[in-house]
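Common to both upcoming complexes is chain A, partnered first by chain B, then by chain C.
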Partner chain A sequence: MTKITVDGRELEADPKKPLIAACHEHGVDVPHYCYHAGLTPVGSCRMCQVEVEEGGRPARVAAACRTPVSEGMVVNTAGERAHAARRECLEFLLKNHPLDCPICDKAGECKLQDYSYAEGQAEGHSAEPRRKLEKRKDLGDVIVLDQERCILCSRCVRFFEEVTGQAQLCIAGRGAHSWVDSYGGRPLHGNYQGNIADLCPVGALTLKQFRFQARVWNLRKRASTCGECSRGCAISVEVLRQGEVKRIRPRYDADVNRWWMCDHGRFAFEGATLEGRLAGARARGYAGLEDVPVDDAVATVRDAYATHAKHVFVASPWLTVEEGAALAALARGLGAELLLVSPPESALKDDLLHTGDPGPNRRGLTELGCAARDAAGCREALAGAETATLVGERVVDLVGREELAALPAQVRLFVLDTKPFEAPAVRVALGVPDWVERSGHWVNVDGHRGPIAAARPAPAGVRPTLQLLGELGAAAAAEGGAR
Partner chain B sequence: MVIVKRKELTLAERLYLPEILRGLSITLRKMFVKRATRQYPEEPLVTTEVTRGQPRLAVNTDGTVRCVSCGMCEAACPAYAITIDGHETERPIEREPERFEIDMLRCILCGFCEEACPKEAIWMSDELELADYTRGALVYDLEKLKRPVSALQPRIDYIKKINDRWRTSSSTS
Partner chain C sequence: MSARETYLLDRCKLEDSHTLAVYRANGGYKALEKVLKGGMGWAEVIEEVKASGLRGRGGAGFPTGLKWSFMPDPAKDPRTRYMAVNADESEPGTCKDRVLLREDPHGLVEGCLIAAYAMRLDAVYIYVRGEYRKPYDRVQAAIDEARAAGLVGANVMGTDFSCEIHMHKGAGAYICGEETGLMESLEGKRGHPRPKPPFPAGFGLWGQPTTVNNVESIFNVPFILDRGAQWFRSLGTEASPGNFLCGISGHVAKPGVYEVALGTPARQILDELAGGVWKGRQLKAWFPGGSSTGLLPASLIDTPMDHDSIKGIGSMFGTGAMIMLDETACTVRASQVLARFYDHESCGQCSQCREGTQWLHQIFRRIEEGRGTMADIDNLERLARGMAPGKTICALADAAAIPTLAALKHFRHELVEHVERGCCPFKKGGASAAPAAAEVHA
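Now for the complex of A and B:
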């Protein structure tokens, strides 16, 4: 480690990393656009200029992202000369920036706004007209490029070259006439395009799906974990007005996903909608499934557990560790067979993040004693059971909606799912919260415990899965005690 | 205990009649002064460009709304009266409001929305009357808020004049 002094504070810096990384690690904010800890520094924006004094020479202004640390280096980030240099750079960056902040989706989390405010660069000196470029350039299914807003930091270009290893974007043209373009105008491809919208420090690259959907300061953000594969990327779930999820973005996690996530997980929230949800409980009456109070439905299930012998439980891999433990306790109390429905491997598997296993908590649930079976295996076990309980979101779809509908009516099927399901075998259906409405933990493929957090309240009448399992389990324990 | 000292009355006051006459003379004089009471609602309220009535959205002469649903007024509103959702358009201004609601029962007519608007789209109109049979009807949607620019022009000119005066007096360059 190298000892340096930043703003009068002595710091230990990693000599393999640039000066700006040492500053950021110790909480000293150095403005930057092109620098990103996950990409090679190029020093193109010059916003990270600071005053550096080393080797007994007088202080000079240098770009912190391209300056290696050296022993005894003295850095002043707030010096007058550094400040002036940054302000001038900002003026040039704003020279061609269209200032359409009222329309721009980045407004509110835009580095250009933040640093203009911080550095006090309000007015430019240029009398030249701003350059006119394409405002709505289509870059495939995920991304729209606004070339006017671009400040040519090249983060997106480097992301494709360095992280996915497949260059898809380039800086075309030269000097002041450069612009970002895809090779040959071809649309972007791959499962990691969405990351460049997060990387873009301005509003040049925006997600088609999030375009004009919400102002970012109206979004309520919760730190959670992605549930689309067993990698369990750290994410932030962003909800507008306690309703629909509008955006999912990756959070930095050094052990799991670093700064990135795949598009499959990023757009998975479209399934977590409030439409078509099963709220409350439905139980079989004389006229088929009828809406009943949740307590009555729970009592019906308890009665069935008490009067019949051969029980099978099928867990969804979306259950949290806490819910899994409650379910395992319930199954143990009844002497039931506890299965975990294992989804088929996804074709999206790659060497970057996606594991190809679409269940986020398979490892956590198998460690708790769930026996993983594929859909056919689960159905086989269900067909021979007297009572069968399916627990967790998507469980009906994973076991097979049509096959379950064809199940003989002798099997007493209890379903705890987010979506309604009608079949002759279904005796009771209970609504449970979605993964954006629950809190708990998932254990990823490497054994890393990732938190999931409730980003919005569940629909009215939906009880937490843990509470429902507790109510069923308490009854089972009472029955066991009485026997 | 508080002891209130009574004022000593003068001779004229003690005589009683002069003071009565003085009071009656005031009454008599006021009978010929122009009346301040307005016969509302037969006589409508007098409004000027300074009147800060209910906020309204300006519509350009080509029928497009000026609002780009940037959410500045929504953020500035101290009463949380405004709710906006935007959507994409084919016009050069890429966004316009899909839903723009002002809950007039919440609105306190402070004019922060007008001040916050970067697109000169929301203005405090001279409309002051607010009555309906249900609460829901007083949540005004986009169609109820739209007004042609010409109807808001006196207010627009006035605000621009005020802003110009402020700009020239505080300019340092």
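Now for the complex of A and C:
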């Protein structure tokens, strides 16, 4: 490690990383646009200029992203010369910027805005017409490009080249007459396009899905984990007001996804709606499934557990570790067979993040004693059971909606899922919260424990899965004790 | 100026000067033979070039021998080593290398071979400006001829020394003449200059140790080895020895490329070689070394043309390409034309350069067209100071800012006059605000 002094504070810096990384790692903010810790530094925006003194030479102003650290280096990020250099830089960057912040989705989290407030000057000096370019360039299903807002930092270009390994964007033209474009004007492809909207320091690249949806300062952010594959990317779930999930963005996690996530996970929340949900409980009465109080439904299931012998439980890979533990305890108490339904491998599997295993907590649940079976294996076990309990979101779909409907009526099927399911075998259906409504942990493919956090309340009448399992389990324990 | 000693252009005047036969008949490849067969070690060659005090002729005037000595020791660093010869001559006003490439290509080839021996290079790349078709063909022919004669390739002159020389044609961008932009271009990428550090000697072409030298610098090397550093030092000045090729252009009677000793007063070059200012007019202003060097007033024309003297009057020696403007020329118009050039040629990486070059051009154009304000003049100065010096990856922003600041320093009154009269006073009939219809970059 190299010892340097930044703003009067002695720091230990990694000699393999540029000065700006050392500053950021120690909480010293150095303004920047083109620099990103996950990409090769190019030193082109010139915004990260700081005063550097080394080797006994007088202080100079240097771009921190391309300055290697050296022993004894003294850095002043707030010096008058550094500040002036950044102020000049901002003036140039703003010369052709359209300043359409009131209609820009990036407003509120725009680095050009932030640093202009912090370091810029209130008054412009340009009397020239601004650059006219494409304002709504369609880059495919995910991204819209506003070439006028672009400050040509090239982060998006480098992302495709360096992270996905497939160059899709380029800077065309030269000098002030250049713009970001896709090769051959072709739409972007691949599962990682959304990342460039996060990378864009200004509002040039926006998600079609998020355009004009919300002002970012109205979003509440909850740190959570993506549930679309067993990678379990760290994410931030962003919710507008009381419950509408508006956006999901990756959260930095050095061991899992670093700064990135795939589009499949990014837009998965669109399926996690409040519509078509099973709220409360339904139980079989004389006229088929009827709405009943949850307590009554729980009692019905408890009675069935007490009166019948051969129990099978099938867990959804979306169950948390905590829920899995409660389920395992319940199964143990009843001497039941405990299975985990294992979804077929996804075609989205790649070398970057997507594991191809759509279940986020397969590892956590198998470690808790769930035996993984494919859908057919689960159905085989169910067919021979007296009571069969399916637990967790998507479990009915994973085991097979149609095949379950064909299950003989003598199997007493209890379903704890987010969506309603009607079939002759179903005795009780209990609504449970989905993954944006629960808290707990998932264990990813590498054994990394990622938190999931409730970002919005579950629909009225839906009890937490953990509570329901507890209620069923407490009953089983009580029965077992009495026996 | 009758007794001046010349060497650079001597062979160029001969018929078929580009052929191996003529080159050999006039002392060609003697220096190479002396180096390879005379038992000169590589260190001695570098020492000799260092001792000669040769300064790079590409613009910066960095000592060539010192640059060569930056190449790492191959015993400690076994990576492949390259030299790139910068023949992308694109500085406005500069046309000296073209003469050498076209008329005396073997001089360059011999220089490359000696440089390759001294720096223990694996290969040399000659990056020729795309528009230089004939010079390119001539150098290629010279390399082929030399290869056939056992001078290029494996076992040069039957010794252990081997060296390949490759040619590359540029695609017409000013920025590819910047050494790191040139390397990117050679690698097949866009000519975007690289931030330094790392410097080319440690991380150059394809990440390997590389030296980039100008054509004229390399061309001087065989003469230095043949005639000795002391001879070289007898020409020019103490700090800038040797002769240089002065491409003089603009409002002169006989524009062209002339060989003069460094330290020759600019007036002498103008009057004795270039035939003075044309049409019997007076000199108003001049660029000493290409468009990127600060514009100077006529009163400074007695300054000696060498690196330190020109630096002393607030400009730069650059490529030694003098551009002369007579009394009828408008310095605002000249500044506008140059600003347009830099606007067009900025690679666009750095914010200040990308936006600043465009901005300077827009302001100069408005002032020239009579639509400028006094605030514009102050703005020019503020912007130029925001762009340079040393605020960007390469020196293109400086190249645009320096002539701007020089024009403000020496010819502010002309800018003021444009603003006050609302037109260009040098246009015929003092035409007032003209529409900007013909502009390329609206």
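In this section, the second predicted complex is superposed on the first by the 482 of 483 C-alpha atoms of A that agree within 3 Å, B and C clash if a C-alpha of one lies under 4 Å from a C-alpha of the other, contacts with A are read in each partner's own complex, and residues count from 1 in each chain.
By definition in this document, a contact is a pair of C-beta atoms (placed from the backbone, for glycine too) under 8 Å apart; a residue touches a chain by one contact, two chains touch by 3 or more.
Small disclaimer: the values here were computed from a predicted structure and weren't measured.
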Record, for the superposition on chain A, whether partners chain B and chain C clash or fit. fit
Contact-wise, after the overlay, does A:A176 reach chain B, chain C, both or neither (first, second, both, neither)? second
Let me test your reading of the model: by the given contact rule, A:R211 touches which partner, first (chain B), second (chain C), both or neither? first
Does chain A have more residues touched by chain B or by chain C? C
Looking at the overlay, what does A:H125 touch: chain B (first), chain C (second), both, or neither? second
For A:M47, using the defined touch cut-off, is the partner it touches chain B, chain C, both, or neither? Pick first, second, both or neither. second
Vertex chain A, arms to chain B and chain C (CA centres, degrees, nearest 10): 90
Is A:A107 touching the first partner chain B, the second partner chain C, both, or neither of them? first
If we overlay the two complexes on their shared chain A, which of chain B and chain C does A:C150 touch? Say first, second, both or neither. neither
Once the two complexes are aligned on their shared chain, state how close chain B comes to chain C by Cα atoms, in whole Å. 13
Sites on chain A touched by chain C in the complex: 42-47, 49, 60-61, 63, 66, 68, 85, 88-89, 91-93, 95-96, 125-129, 151-152, 171, 173-178
The residues of chain A that touch chain B in their complex are 101-103, 107, 135-136, 211-215, 217-218
Residues of chain C touching chain A in the complex: 173, 195, 197, 343-359, 362-363, 366, 373, 375-376, 379, 382, 386-387, 390-393, 441-442
Touching chain A in the complex, chain B uses residues 68-72, 74-75, 85-88, 92-95, 118-119
